Amino acid sequence: MTFPSLGLLSQSVLSGLFLGGMYGLIGLGLGLSWGLLGQINLTHFGFVFLSAYLCYHLTMVWGVDPLLTLGLLVPAFFAVGVVMQWALARFRVSTFNSLLVTFGLTVMIEALIQKIWTADFRKLQTGYGEEKFSFLGLYAPLPELLTLTVSAAAAGGIWLLMRYTDLGKAMRAMAEDAPIAAAFGVNARALALLLSGSCVALAAIAGVFFALSFTLTPTQIFSWVGVVFAAVMMGGLGNPLGPLLAGLVIGVSEALAMAVFSPSWAPIVSFSLLIVLLLFRPAHR
Amino acid sequence: MSKMAKLAAAAAIALGALGVLGEAQAQGAKPIVVGSTLALTGPLSATGLVHKLVGEIYVDDLNRRGGLLGRKVEWKLMDDQSKPDLARTLYEQLLTADKVDLLMGPYATGAILSAIGVAQRYNKLLISHTMGIPSLAKYDMHFPAWSLGPNPQATVPTTVFDAVAQAPKPPKTVAIVTSKFPSVHFLSLGAREVFKQKGLTEVLFLEWEFGNRDFGPIAARVKDAKPDMVWSGDIGLEGNMLLEAMKKIDYVPPLHVHTYPAPGPMAAAPETDKALSLTIFEEHAPFTANPVAAQFVKTFKERATAAGLPYTAVETQAAASFTAWRIFEASVVATKSLDDRKMADWLKTAQVPTIQGTLRFDRGNNFGDDLMRIKQVQNKAWVTVWPKQWAAPGATIKMP
Amino acid sequence: MKPRIAISILAVGAGLATVPWLGLPAFYESFLYLLCHWIVLAISWNILSGYTGYFSFGHGAFFGAGLYATAFLAGKQDWPFLATLPAAALAAALLGTALGAVVFRVASVRGELFALLTLAVTFVLATIILNTPIDGGPGVYLIGVQLPRLGPSANASIYLMGLAAAVAAVLLAYLIHAAKLGAGLFAIHDDEDVAEVMGVPTYRFKLWALALSCALAGIAGGIHAVFVSYVTVAETFSIAVPLGVVLMSILGGSRHWLGPAVGAIAVTGLQYFFTSGEAAVTGRALFGLVLVLAILFLPGGLLGLLERLRRKTPSPVAADAKPAVQPALAPSPAASGTPLLQVEGLFKSFIGVRALEDVTLEVRKGEILGLVGPNGSGKSTFINVVSGHYRADAGRIRFEGRDLAGADGHRFARAGIARTYQIPRPFAQMSVIENVALARMFGGVGCSRAEALAEAAEFVAFAGLGPHAQARPDALNLHQRKFLELARALAARPKLLMLDEVLSGLTPAEIDEAIAMIRRIRDRGTTIVFVEHIMRAVVALVDRVVVLNHGALIAEGSAAEVMREPAVRAAYLGTTHA
């Protein structure tokens, strides 16, 4: 085996970063609603795909620019998130049970997509896919670059919000101890509605960028669950930066393994790394 | 012949005909029920609808032509949800509870093997749509509609080699990259052997796990290896993902062969131009010179459009499905019976004309000839380029 | 354990075993097999995750380990099929125990991190199998494997094996649930640290739960290998198994031993119901809808409903409990002056904070020792270390001459030490009487579950909680929860009882009552370490006082003497700030 060239290695790292950015973008809303609302929201994956399909439809059928579809999809999905939280709160769905409820919802969304667009593959063909930047012999395609940028901006923005604004502090307080937070005047119900709406809106954003880079089929929804769950849990629930960082670690370590060894062994590198990190991370208590 | 004898013969024929007619009328109320499952939901359902549409088209047409043995044909279709264990149970239900007359196979390898197991236990004939690993289909009453011969791991790469030898610049080196998906992996391993024997230099061999999402490093490694040809053992979207990843690093492989790409996306994307692949049928002459094929292509397009499918052309999946029903009809008509054993015995010696060519089932595990052809994306459409007698008029293999 | 239930399980199993001879269409065997298959897997998951709360997202790995053990041994090494099943169980159990032996030592890997770990193990195992001769890529085809002739047909044989596994799984789930093991696992589920301090050997119990769970998943995998007859990595390690077992357990009710079985039947049956080819996609949507509605209206799962109905009828035992009963405590002579507990040079620090610094003291048999000091002086840490809740950094803890420092928490309870928590930490999902019985079962000499439940009623009554015996702790007020803490500690029949601010928050009348009760406890022979801020109670109760400040012992003696010490006055009045 010849040692891989530096160009190959750097290009592979870049490729891993881009995929990690996607993991992070999908995982962001999932981790927030899990950590702050106590919901393991499998529907998040369904929403990502639904948004991707809607973006596909708006672009391919109505000729809207795919990035402009965000203007419609984000508020619409925000509203969906608010309604969902209202219903989950109304029925007092526990964390454990939320897994089953949201699984059922995901199955319904999957069926809905299959009913409208069939299970056959759909690919959003746009000018964005043709654009790429190159520097020092490395290439960065526009859709992936946008995904990574948006993923980092969203994660960083939410981190700043949660850390430095009253609203963010109230959210963290609510997650830590709802009754005490309520005693200090935090309107937990309204906050939960806002948060759930935001998480689903984040799913909509992820969906649009997903559609820019990936070919769609509804039956792929569940194939993303494993790796994105891993990124979210590794990154720390409720931590906005966590899923992105963990996603990048998974993406880059796998890409490097692919560049150096056999690609089919790649998962063992990333997930062994994950296991080691898990066992040796400092205890939080 | 004496007058009496002639009369007697005529009477016998008339009586016989009457008898057949009477029988047909008597049974007219009771249709022939054919049972099968397809992956209509779940991970494999992307192509399930194609097979469902083809089955419906064929059965409708069959009934319009008067059915089989004078009886209507009814298709009892169930959804195996892409689960082989459920496929097995449903086939048992079809046979032992619903008591269908005959079976038709499903389309994915796992489900087909499940169905073969059931058919074997109940001595039923099973015609399968797309059985990709001939060596696993050991049941003597299983008949494949997808004619790839008993040793595709040797014959298919040979066909590919012969095809690319006709290219403007025949390859001297090859990079073999492959998914570990069973039905493509063994083909890729075979390709390694064949290409070595044919004198090609292997500059890269890579395997990835089915379900891999990051093709960037693989594309970069192929680019670094600078092969004259890329053999990509891919299935479904993998081929598209590999080519997208190559495009992202500004690399266009000189010649690239893909085993089982999703036909729609592979034909449509800008970066997939000149991609080579395997096929048994494409909707152009000489295939469509057969009026049955021409009619099928037309009907399929209508039904697929109505069903909202994005890709409405007939290619391997739809053609194999259509062929399966054709084999089924031929064996019932030829044996004039619904007896599985009789039909199987007939098929073993028969030559069945189908839209993909004449099929026979007289070699290993009832696989006959390898009818795999080579197709290429040219101007966003698939055209067959090899062998010459099946190539689209004037079409030759082109370089990107 | 009720033999009636065990016999019923076996009887149902025997009844179902006659199916192959009833002349039903053969597909019923396959369908029933699928039910059995998922019953085994769902129960397997629940024994670990439902009982202990360690949420596994990696049952695909344990199932896959068993499936591939059989596929490899029967399909490639030509082992007889039946011989591969123990190997399948063993392979999965070994994988699980090896994982558990490492992971269960790391206290931070709980909750979602355990789920993550098991998920990661699934990916790793799948990758190994895919790239080694175990599979290597082409899948393993098992059609030539000879099945044992258990029934009239091959189908029947597979069904009977699946049924046997399902009966074994249900029986195992029930036996664990009814045994001490089950009680310990449920305690771990609610509060692992408290469970350990009460004498539950949590590490060993968790390993047992994991090993049994994995063995069941492995068996299910082994049998399933021949049912599907063609096994591939992608199919085996898909998200279907880990997700499916969770959903089934939630739907059926994960707190009931039979819940996952009911959930497995419901989900598998429902999926089978929607297999019409005509409306496959609509069927899938309806399947999703039914799941959503089911859990919205039955939050405790299908069997949770049953439980809820049962809870509504009050237990007659609770109403009959008489508060006047004096429960038996540990037999021990009255104050003798001989040391029961000797602590020498005890150190404990947390990140940046010295909580105990070179503490040396002695607790004598039969006395009430008061432990006082300002907030943050290390009193609670002292109790936490001496009860085994925390491990000491350095020092000796000799109890009746044996050194317990460094031992696992449950050893302290076994040796005869019990404690209360300042902020009550009852096992939230257990009733009051179950809470108390648990302490009796595992603390001190311990006893069987049945005995513990019988005796627990006395302690519940003694603590004045008789009417609430069947209630959940969250239905109690603070005062009642404090007495529940006390009842639990007493039920262990401790030689040494450590009370951490049991009186705070009580009214003066209640305090008087409590003081009298503590005296009675001591009078029956229990040595007591008493942490309290309410000086009236300290003066009234204790024989000796020890004062801690900033983690160090600053004074020791009678209450009156100690209060005169300048260091003590400085510590309390905060002279440094004055």
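By letter and in written order, the chains are A, B and C; residue numbering begins at 1 in each of them.
As a working rule, contacts are C-beta pairs under 8 Å (C-beta built on N, C-alpha and C of every residue); 3 or more make two chains touch, one makes a residue touch a chain.
Just so you know, these numbers come straight off a predicted model, no measurement behind them.
Participant: Can you tell me which chain lies farthest from chain C, using the average of the Cα atoms as each chain's centre?
Facilitator: B
Participant: Measuring from CA centroids, which chain ends up nearest the centre of the complete protein set?
Facilitator: Minimum centroid-to-centroid distance belongs to A.
Participant: On a C-alpha centroid basis, what's the spacing between chain A and chain B, in Å?
Facilitator: Using C-alpha averages as centres, the distance is 38 Å.
Participant: For chain B and chain C, what's the span in angstrom between their mean Cα positions?
Facilitator: The mean C-alpha positions of chain B and chain C differ by 54 Å.
Participant: Take the average of all CA coordinates in chain A, do the same for chain C, and state the distance between these two points in whole angstrom.
Facilitator: 34
Participant: Touching at least two other chains at once: which residues of chain B meet that condition?
Facilitator: 41, 43, 180, 207, 209, 211 - these are the residues of chain B that touch more than one other chain.
Participant: Which chain A residues touch at least two other chains?
Facilitator: In chain A, residues 111, 114, 222-223, 262, 264, 266-267 touch at least two other chains, as defined above.
Participant: Hunt down the residues of chain C that sit against at least two other chains at once, touch-wise.
Facilitator: Chain C, residues with two or more chain partners: 126-127, 130, 281, 284.
Participant: Sort out for me which residues of chain C touch chain A in the complex.
Facilitator: Touching chain A from chain C are residues 57, 102-103, 106-109, 112-113, 115-117, 119-124, 126-128, 130-131, 239, 243, 246-247, 250-251, 254, 281-282, 284-285, 287-292, 295-296, 299.
Participant: Mind listing the chain A positions that touch chain B in their complex?
Facilitator: Going through chain A, the ones touching chain B are 4-5, 7-8, 11-12, 14-16, 18-19, 111, 114, 116-123, 125, 129-130, 132, 134, 139, 141, 144, 215, 217, 219-220, 222-223, 227, 251, 254-256, 258-259, 262-264, 266-267.
Participant: If we count contacts the way the header does, which residues on chain C are in touch with chain B in the complex?
Facilitator: That would be residues 25-31, 33-34, 37, 126-127, 130, 137-139, 141, 143, 153-155, 224, 227-230, 232-235, 238, 240, 271-272, 274-278, 280-281, 283-284 of chain C.
Participant: Applying the document's contact rule, which stretches of chain B touch chain A when the two form their complex?
Facilitator: 41-50, 82, 180, 206-209, 211-214, 216-218, 220-221, 224, 236-237, 240-241, 245, 247-250, 262, 264-265, 268-270, 307-311
Participant: Within their complex, state which residues of chain B touch chain C.
Facilitator: For this pair, the touching residues of chain B are 37-38, 40-41, 43, 52, 76-81, 83-86, 88-90, 92-93, 95-97, 109-110, 113-114, 117, 121, 133, 136, 138, 180-182, 185-186, 207, 209-211.
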